[in-house]
Each structure stands twice: as structure tokens, then as C-alpha cells.
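Heads up: the structure comes next, in C-alpha cells.
Going in written order, the chains are labelled A, B, C, D and E, and every chain counts its residues from 1.
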Amino acid sequence: MATESSKTSVLGGVDEGHLDLVTSPHSHFGWSTGRIMWTVSAALVPCVATAVWFFGFGVLATIAGAILGAAGTEWLVGRLNRRAETIPDGSAILTGLLLGLVVPPGFSPFMAFIGGVVAVGIGKIAFGGLGDNIFNPALVGRAFLQASFPAQMTDWSHATSRVDAISQATPLGLYKFGDPSQFAGDIATQKLLLGEVGGCIGATSSTAILIGAAILLITRIAHWQIMASMILGGLVFGGIFHVSGIGPSPLFHVLAGGFLFGAVFMATDYVTSPNTPVGMWIYGGGIALLTILIRLFGGLPEGVMYAILLMNATVPLINRHTRPALFGAK
Amino acid sequence: MELFGIFIAAAVINNFVLIQFLGICPFVGVSGKLSSAVSMGMAVTFVMTMASMVTFLIQHYILIPAGIGFLQTVAFILVIASLVQFVEMVIKKVSTGLYRALGIFLPLITTNCAIMGLCLFAVMKDYSFIQTLIFAIGAGAGFTLALVLMAGIREELELADVPETLQGAGITMIVAGILALGFMGFAGMKF
Amino acid sequence: MALRTFRGGVHPHEYKELSENQPLEVMPPPAELYVPFGQHLGKPADPLVKKGTYVRQGQVLAESSGFISAPVHAPVSGTIKKQVKGPVVGGTTADMLLLVPGDPAPPKEGEEAEPVDTTPILLPSLPFDSLTSEQIIERVREAGIVGQGGAAFPTAVKLSPPPDKPIDWMIINGAECEPYLTRDERLMLERTADLVEGIRIIGKALGEGVNLGIGIEENKPEAIAALRRAIADAGVAIEVFELKTKYPQGGEKMLIDAALGRQVPPGALPMEVGCVIQNVGTALAIRDAVLAGEVPRMATLTVSGLGIQQPKNLQVLIGTPLKDVIAFCGGVKDTARRIVVGGPMMGFATYSLDAPVVKATSGILVLTEEEATPAEEQACINCGKCISACPVNLLPTRLVKLAKLQRWEETRDLGIEVCMECGTCAFTCPAHIPLVQYLRLAKKNVRNLPRKEQ
Amino acid sequence: MTALAASILAMGGLGAFFAAALAIADKKLRVEEDPRITLVNDALPGANCGACGYAGCAAFAEGVVQGKAPVNGCPVGGQDCAEDLARIMGVDAGESVRHVARLMCRGAVGVARDKADYVGPSQCAVQDLVSGGSKACEYGCLGGGDCVEVCNFGALEMGEDGLPHVYDDLCTACAACVTACPRDLFELHPVDREFFVFCKSHDDPKTSRAACDAACTGCGICARKSEGAIVVQDGLAVIDYDKLDPSLIPLEKCKTNAIGWLHPEKVPQPVEAGASPAPDGKASS
Amino acid sequence: MAKKQVSIGNEFVKGLWDQNPVLRALLGLCPVLAVTTSAVNGLGMGLATTFVLVCASLIISLARKLIPAQVRIASFIVVIATFVTIVDLTMKAKFPALSKSLGAFIPLIVVNCLILGRQEAFASKNNPFRSLVDALGMGAGFAATLTVLGGIRELLGNRTVFGVQILPDVWEPWIVMILPAGAFLTLGLMLGAANLISRRRERIAVRMARAAALNERTV
């Protein structure tokens, strides 16, 4: 038949009756969830590198413990539920990596492993897995560790350190419980920038964190509004208290402790942050304010983790109240 | 400043729900919808304030002078139950709108241990009348805060793929646990 | 000066280079034409001819069935073989006429040979200088002209705004923001003077005091230059808006926002802010109908994609089956796997190559794995890319989550009805969620919801 | 003794005061409401625990009466309470013939043909939006399992043939599947009804035959002998169950098996044996 | 209500699992969370609650025909409050340590919705013997759940159960388990586990019903 022959010639090797029937659009930006997660992990490499430089290779064991706990839980639960393989999307590994970077150097790898299990098991899978969690899983894991092993989580003496000063208490700890004068002036700022201070594995060097921030901003992965609002909030609120005679300089607030690490890597987590522009500003500012309140008036020297967790809880409310007006609506 | 301290302590640092485990039943039950949560929070705050004042008077002007402190539990619960029922009737009569918003939550409050707990704590801590009042308002605010946060989260979780077995109370407990971890940041806060 | 544009949107790979420099070509009539009754938004036209009738080119095959409807004409002289139900693009099947081009069948033996007129039917041409608004609108209605932008809205309706909505701007949409498509670009280059005439006719139809303009994306500098020249030659006031190359710049509301800074309220038509938008192809069709008396019988379309042998810009008789057009372009390569009618962002994948070209068909794309790999849907990670890209400020991810739970009322409350299915959200989604599909589902169900009590 | 006296006095005083206040309030402030609310409220445990998600038992009762809350929504009361509420609400009042859901399509995998490779979410309602999904027949079952998903009783299961199967004993005729199916393929029928037209296709014979081996082509053979019990409407056989005598239908003439018995293996023998041999034989000769 | 006479045995057993006040009905959660820092505390609280529940149920089912409907709730509360006071005073005198660690939650038994709920739902509608058995079952279910929860938290948080060390010294105690957060998380997971078990049962029931339907069809 004529039509038959014309069909075959028109379609070449393609089979009519088996064309793709698919909804529009027929074009895609090309990014995938996995690519985002792995890029964020890559942005953490400078932090890992500086940690190894300052604290020695021991930190890798701790990080590995956390990753193993997180990814292992993800894998096991997926297996038990006969769900599709979710390890390749990199999110569980990223959670483990983030958790491993926010515990003290010399922290027991086994405890890090427990933290990883809790982070993914309770922080993520209990909520329905990737995308459904309300709280940042890595911080859930860290909060659990902090509450379970308070002594070990504030023990900064295990680092086999290259520089003497950093195996002591953190700058924030010194500020709160020790000698505040030790951290004043330009030398302190310089030390904080380089990372020659005590602190969590990945959070010592502000420079390394800022390199990561640059990667996240250039690839447009992180919402710049969150980073900007949190850092700006830290400077403004810290400044207000500083001017009224309470607390250290605003720059110290931002550079010391986990503030920058939190602003760049924790607060910007897509899943647990608002997705409206106005909401992002409220969220970042809220974290900064809570952090500084806890640092200045609370019983603990550091409060970034609690601040982010608490603001995570408000994200549904923020999203709801900052919905952008429809196009053309007054 | 001292009153402010009492307020913050009751609202945040020793949050009734998340730290002291008072009022868990309505916390689990009514935190499914944000609108209900707001109303419930307001109703609880209102009843807490009323109840704390009345029980303060009863404690200090009837039970203690009469030397019958052991009747505290019976007297308080009687007062609270009657008070709640009375308030409900009044609201129902006065305004249907207000009843819709607040009144329907009132029966739930009778057996809310947050109210009873508040009255007992106020007596235990030997607060003055004004302190009791601030304590009650702070506790109510804290209860509302926890309830509203939880309701927002639960409405969001309705869109999530929460494992079937954890849906409802299970995930509510886990969220509460994580919130409790977060509230630990306020531990030892002093102004 | 910064180029004019709107908030949101995306910039997909253009692929215009495939067909940009191919001049328009007229495809010869195929063996059979399938002419559907419903080629426009609104009720399908009512058939007028019977099986076996000989029809002349331009003869009315089906008449308009209501205010929002359009008549269907014979694209070429031939014999109506029968009425069939056949595949259509973007749906399942529809009623259509099978028309075999050619001379009338010879009379049966013993019957007297009746002389048959085989010349095309032309409407009387109207002199440009004495045109009235009513004349133009009546002619547009009679000719069954529909919008070429995709929705195929009957143009006559658009040209008759109610008296309480004064129009002060008429803008021609030359953005052609869909990747691949180059037919508007070719029309602007090859029929520049006709287009200017068409614009002036539409201006007349809308009455005195209407400002005229045309919006073109900056990636078509030649078209911009050619139009500027033609406008200067004609000595008329038509403003050329140079727009940023961004999808969906060609959406009516986006175009008005970019060109004039006016935002059409949700649920309203452009006339709400005093604007009328017409497509390039529509303007030319109006010009042809008014000045030459011709009804639309050809669709101007781009055949492109990495899977087609020879990308072309074509003028194809309405009713031509897709397979004949593809054959005319040399057939497909073995790597082809999806055939899309329309642009890649809003076009429909077709399941059958027997489906015909209709009045508003703008392109046929043969896509390969490289261009359109169907990826597996992953979990939403709330990245918000769909939200920042959505040109009408919706929250696509939330709407889709609600749609999956069949919570239609809430999708309505979040404004789902303003969604124009432009596909921007699904284009940016890193989790490859078929957002548009779910949004369509929600829109459909929202339409079925009982009216909201006031 | 003073303590005892004081206790009695204090508690008695308090009790009397509140009792009086409440009694007066009850008289003065009473508000009329739907009597069923009171009935439902009385049937509830009254724990006011809020576990149902409502603000206490009265609110839940109101929800039940307004049809917003399910009768089995009280976790404290359990099954007994649910049954009481159902009785008050008259939910299962009808003592009519038990109905079950039946799927009116036999276009299983391999029987019905595909027109394209559909890529996307498998749910029928979603699939149906993209040019009707992969199935060639635009009336047939898409096999996405929307019906299985909505069935709360486990009465539906997706078979290996790509069609949902009904477990009669578990089906409550709640009609959830009827609503869920975008192609309206489910119908509720008396549980012992065995004879159906398993097709909804209105296509012309050529199209429907091309799309599916089990399609009703509207040929009308079944209609001719059925004495009006079967008529062909718009290309599809439709049964009038009031007039139906299956023994009259020349089933062996239905080439596509679109019309016939639900369970061919347990066709009611007595009917065939007793009533049909003679007419059947004549009909087929 | 009286149409279906449940056997006395079932009346008791249902409280242990099918209608377990904590895991299935989510009643009385405040003490469940607050006092279960150790197995002993859990057991103590469970027994105290059971005592009040049993006594109140007995009294109320005896007096059920005397109490007018309008004031029944108030009457229930007074009866319950009386027994709570008895328990409170007794514990203060006999078990001062336990009483101290349970704190305000002993007087708060009065507002435990489990107790009031059983009075409304059961004791006020059934004879004393049935009510007694029901209360015992519910109380036992409550006490058992509290003890298990307390045991888990004590084990992980303190290495011990009922004060006896179980886990080796190498095990770093998880302090979070005896903090509020640990209570919420453990109860959440326990609820999940309970649901998992009952879902599995339901699924098996459906599967069996389907199998039965298939058999019937082929027969």
C-alpha cells in the first residue's frame, strides 16, 4: 500500500505507534537533584581541606563515620521499603558530610556514626525522605549529639593541631567563659579568617567557607538572599547590642563559631528554607537574631544550630504569609 | 524585669508543652489545622489566666485559712471544670462568631493538664497575684507558640510523603522532639 | 537602555539556527487532506457539505456555530470523500472531512455532464483607503481567521472589544520566544511591507487613536531592522519594541508588561488594560483577507529539530497530514524519538502522523534523545526554581503537591487559574517533575468545582 | 474535727455555688441546636481528648452531623462507638440488595493495543490528559490504578493483565472507584448479576476493532434476538436488565467477547440447562 | 451498646493492645512523656493511675443510676479527684522518693483524659464487675506501656533498667534520652512501631479475605 511505504520512509527507524507521548515542555534546563547535591558537596571541599591542614587526618575518620551513618541508613531503609535507589542523588552523603564538619575535631567516629543515623533516620526518612523534611537533617543529628554527649561535643582538646592556640576553647567559649580580651582587634579577625582558632571541624576557616559560598552563588544553587540576610542580620543585631555595651563586635559575631558555616551551608538548604524572596529575608534575619540572643543571654556560648532549627520550624508559616502576589494582582 | 523573666521562662525556656509535657493531648489533637491552633491557643491562654486568678484566690483565701490544703486537687479541678463550662455557656450565648473561634475548644480545656498544672505550679512557686497572672499569660503564650509552630508544620507535612505508620501522632511526637531539641538552646537564658 | 522584559522566565537553548536562514517554501498539495471542524478555541463549526460533494477552493465547508467560533473553508478545490473521526494533535480524535484535491469526478454514464466551476472562490477585495471598522471585523469573521499564537482564539472576537473597554494600544507579537520556531521571523523578513499594511488594517479595525506597535526579541536583529525600514518607508507611526530574549516573552501578558509596563490582572483579558495583541501570522492573514479577499488556506510553519533531515520554513495547506510534511522535509533521522507539534515549550507530542496541520499550527519538531530525554521524576527538594521562574508568580511546586492530593479548592485559592501552562516551571525543575501535567489536571478539576459561594 | 468541718463547708460551699451558677446559666443561656448533635455527643466517650482532630467531643459531634467528620473518627470509642454513630446518622440504613463495583472493560494487556509510548505519571487521571494516554481506545481502562488507590477496603487489586480486579466480599459499593475513574468504567451492580457488556467504546467498528480485541463493535447481533433487552446505542450494546433473558442471546456470535458472563466458569447451569437448550438450538441453527 | 456482649476476658485484653490507651487511643500522654525517665518511674505512675482508674470506675459504675446526666462530668471529676488525693497523700507518706520524682504529675492524674474517658465511655454504662475488669485492663495497658517506655529511655540514657546496669561501661549514655526531646522521639517511634504491627495485621486480614474470595470463586 502506498501509505505503508510512505510511512516507513517518513519515519525511518522510528516505529509509528511507539512515538513518545509526553507532556510539554519538551525541553529542559539540564540540572538534576543529584547534580545540585554533588555541587554542594564539592563546595565543601575547601572546608575539608583546611580542616585536614589544621587538625590532621584524624578528622577524616570522624567525617567518614558521619557519612557512613547517614548514607547507610538511607540505603538500608530504601532497601527495606523496596524503594528506588536514592544514594546516587547524593543528598544522604551530603547530610553526613555536613554533620561530620560540625562536630569538634577528635570527635569519636562512632558517635558521629550515631549522629548520621539520627540525622537521616529521624531528621529525614521519618518525614518522608528527601524534600519532605521540615528540619535540616544534619542539624537534627548535631542537636541529638549535642544533647546526648554534651561533654564530648564541647571538648576541643583532642585536635592534634598544627597551631597551639586552636586546641583550646573556641573563640566564643573564650568570650563567654574565659578572657574576652583575647579576642579583640585585627589579629583576632585575621585568625578567624584563616581558621587558626578552635572550633568545629569544618567551621574554623572563614576563608574556606567563603570559597564554598562563592561556588554556591556562582552556580546559583544557594539563594543569595538567605546568606545575605543572615550575615547582614548578624552585623546589624550584633552591632546594636555591641553599641549598647553588650557583647563583642558584630564582625566577631559573624566570623566566630558556626555563624558563617551555618549561613552558607546550613541555612541555605533548599528543603528547610522558605522559597519566597521576602520569606528568605525574614528567615535569615530571624536566624541571626536568635543566634545572637542565645550567644549573649543564653547558657551556651553558641546558638547557630538552635537558631536554624527553630527557624526551620517557622518556615511553613513564613512561606504561607509571604506568598508573592499573582501577576497583575493589586 | 523580674516579671519579664517570669514571662520568658514560662513561654520559652520552660515551655509548657515542649519542656514540661503539659497539655500534650490537645497539642496532638488540635495541631492539625493552623486556624484551630490559633483559636485553641487563645482559648487556653484565656482560661489559664482566669483559672490562675480564681485558684489563687481560693488557695489563699479559703484553703490556707481553713487549713485544708490537702483538698487542693479536688477544689482546683472543680473550680476549673465549672469555670470552663460557665465561660463556654457565656460565649455561646454572647457571640456565635466568638463561639466558633474559641468556644468550641473550651470542653477540651477541662481535661487539659496545662491549666491544672499551671495552677499547681503557681502555688508551689509561691507567686504573688501579679506574678501568677504574668506566669499564666506567659505559659499561655508558650502553649500557643508551640501549637502554632506544630500546626504550621503539620499542614506542610500533609503534602509530604510521611511513612504511613508515622502519620498523625507519630510524626507529631518526632517533630515535638526536634522542637524540644531546638528549645534547649534557650536553656539557662537570663536577661 | 535596558531591554524591555518581565519578571521570571527562562532562557532555553534556542536552536533557531537550524531553520533561521531557510526561506519560506510552499509545499505542494498532498494526496489527501483531513480538515477538522474544530480548529479554533470554542465550539467546532457545523458541517455544510456532504460526502461526494465537489468543493471549490475557498468554499465554506463548515459554518461558524456561535459567537466564539469560526467557519472552515476548503483549502483547495477537490472532492469530499467522507466525514471521518481521526487523530488530532493535543487531544485524541475529532470529526474531520477527508478532502481529495483534484478535478470533479466525471459524471456517471447516462447522466448529463453539468458544467462545474473549478475556479477558486475569492471574496471581493476591499479598498484600503475607505475601510471601516465594521467591514474589517466582518471580513475577519467571514474568513474564519484565528489567532496564530497557539490558543487559536477567533480573531474577530478579539477585534470587537465591548464599548466600556477602550483600547489604546495594539501590539503585534513578534517575540517568537519558543525555541526552534522561525516562521514569524521569516514572515517578518519576507513579507515586511504586507505586515505593515496588516498592522494598519488592524489599527483601523480598532478605531481612531489606537497606538500601534510590534514587539520583537533582540535575537532577531535583521527582522527588527527590516521592519524599521518598512515602517519608515510607509511613513506610519508604528513603534518597534526591542525585547530581551527570554521565554515566555511572547505570552500576551508578558508582552504587554514588557512593552508598556502594564500588568493584566489575574483572570482578565488584555483589553482590561487597553491592549490588543495580535500575532504576526494573524496580521498577515487579516491583510490578505481584506485586501486580497483570500481566506486562510495555508499554515506557515517551521519544521525543525535535530531529528529531521532538512529543517524548513513551509507554507502548508490546512489539513495536510503531518507525515506528508515530514516526508517533504526528507523524513526523520533514526535518532528521532518524539514528534512535537508547536514549540518545544508548549507544543504537543503527537501520537499519530495522520493528524492534520490546522490553522494555528506553528511548527513540527522532530526531537531526538539529545534534546528531550524523558527523565524520571524525583522528589521535590523545594529549591524554588519554579517559583522564581514562574512569570505569573504562582507556586508551581505547592500546587502540584496539592494536585497530587486532589485538594482542588486549595489550588484554586492559590490562583491556579492564571496558569498559562507555559512550561517554564517544568523546564527549570531539577527533580524533573512533570509540573505542567499536574497543573493541567488541577486546572481541569478546578473548572469542574462548584462556583465559590460569595 | 475542724479540718473536717472546714472541708465539708468549703467543698460544699464551692460545689453548691458552682452548681447553682451552672444551673442558672444552663436555663438562661441555652442555645438550640440540631438534636442529632446531642445524640451523637451522648454516644461519644466524652473524653474531650481531641484525638479525632476536633476541638473536643461536641465539635466532633457537630462535624459528624454535618457530614464533615467520619463516623469512625473517634479513636477512643472504637468500633462500638462507630456503629452507634452510624446508626444515629443512618449511614447504613438501607437494607437493600448488596451491590458491588464492576469494571466495564476487558481491554487487558495484549488484548487492547497501544497507540504510543506514554511517558509520565501513571495515574489514569494524569495520563488521560496527554492525548488520552498510551491506550489506542479512548474509552478503555488505562490501567493506572486510580481506582485501586482510592479503595479504602482493599477490594480492588491491579491484576497482571493490567486491569483492576474486584474482590466482591470486600467491596462496600462506596462508589469511590466510580468517581475516581476518568473514563467512567466502573458501575455498581447487584452482587449476583453476572451478565454485562464489558465495553464502553462508541467508536465505529473499524476503529474499535483496530484498537482492541475485546471491543463492542456495535454489530447488533446480540440485540437482534434479545427481544428488546439489548439495544445498540451509538455503536455500543446496552442492556436493559428488566427485560434481560441471557438464554436468548446468541453469545457464541459475539466475536469479541465484549458481552457475556462475568464468571464464564460458573455460569448458572440450571438456567442454561433448563430454559435454554431448545430456543438456543433454534437460534443458532 | 448491650447488643454485643464481649467476653470478660476480651474486656480485659483489649486494653493491652487493641485499645491500648497510649499507643492506640493517645490518651494521657502528658504523664507518659513526663515521668518515664526510668522504668521505675513509669511503673509507679502506671500503678498510681491504675489505682485511681479502678477505684473511680467501681464507684461510678455502682452509682451510675444515681447520677443525673447534667452533672455527671462534674461528679466524675470529684470522685476521681478524691482518689487522686488519696494516692498523692499515700505516696508522699510511703514512697517519698518516687513521689518527689513524679512531682506534680500525681495530682495531675485528675485531668488524665484516660480516666475521665473510661468513666464516660464505659463505667457509666456497664455493671461494676465489667467496669472493674475494663479498668484493670486499661490500667494494665497504660502501666505496661509506661514501663516499657521508661525502660527504653533508662537503658539508652543511663545504661540501666530498673536500676540494674545492662549495657557495658563502654556504652556512652545518650543523655538526650532522659531529656524531653528523648521522650518525644522515643514515644514517636513507639507509636510508629505499634502502627506498623497493626497495619501488618490489617494487611494480612485483607489478604486472607482476598484469598477466601478467590477460593469461593473457584469452588
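Heads up, the rule we're going with is that a residue touches a chain if its C-beta (ideal position, glycine included) is under 8 Å from a C-beta of that chain, and two chains touch if they have at least 3 such contacts.
Everything numeric here is computed off the predicted structure, so don't read it as measured data.
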{"item": "Joint neighbours of subunit E and subunit A, given as chain labels", "value": "B, D"}
{"item": "Length of the shortest touching-chain route, subunit B through to subunit C", "value": "1"}
{"item": "Between A-D and A-B, the pair joined by more C-beta contacts", "value": "A-B"}
{"item": "From subunit D, the most remote chain by mean C-alpha position", "value": "A"}
{"item": "Reference subunit E; chain at largest CA-centroid distance", "value": "C"}
{"item": "Rounded Å distance between subunit A and subunit C, as computed from the means of their C-alpha atoms", "value": "47"}
{"item": "Chain centre separation (subunit D, subunit E; CA means) in Å", "value": "38"}
{"item": "Whole-Å gap separating subunit B and subunit E, where each centre is the average of the chain's CA atoms", "value": "23"}
{"item": "Whole-Å gap between the CA centroids of subunit C and subunit D", "value": "43"}
{"item": "Numbers and ranges of subunit B residues touching at least 2 other chains", "value": "25, 28-29, 71, 74, 78, 82, 110-111, 161, 163, 166, 169-171, 174, 177-178, 181, 184"}
{"item": "Subunit A: positions in contact with at least two other chains", "value": "19-23, 122, 126, 129, 131-132, 143-144, 147"}
{"item": "Of all residues in subunit C, the ones touching two or more other chains", "value": "348-352, 374, 379, 434, 437, 440"}
{"item": "Which pairs of chains touch, using the document's own definition", "value": "A-B, A-C, A-D, A-E, B-C, B-D, B-E, C-D, D-E"}
{"item": "Subunit C-touching residues of subunit A, taken from the complex the two chains share", "value": "2, 6-7, 9-14, 16, 19-29, 31-33, 35-36, 89, 91, 129-132, 223, 270-273, 275-277, 323-330"}
{"item": "Touch list for subunit B against partner subunit A, complex", "value": "34, 148-149, 152-153, 155-157, 160-163, 166, 170-171, 174-175, 177-179, 181-191"}
{"item": "Subunit B - residues contacting subunit D, complex", "value": "25-26, 28-30, 32-33, 36, 39-40, 58, 62-63, 66-68, 71, 74-75, 78-79, 82, 85-86, 89-90, 92-93, 104-108, 110-111, 169"}
{"item": "Subunit C-touching residues of subunit D, taken from the complex the two chains share", "value": "115-116, 119-121, 125-126, 129-132, 138, 203-204, 207"}
{"item": "Residues of subunit D that touch subunit B when the two form their complex", "value": "2-3, 6-7, 9-11, 14-15, 18, 21-22, 25-26, 28-29, 31, 47-59, 62"}
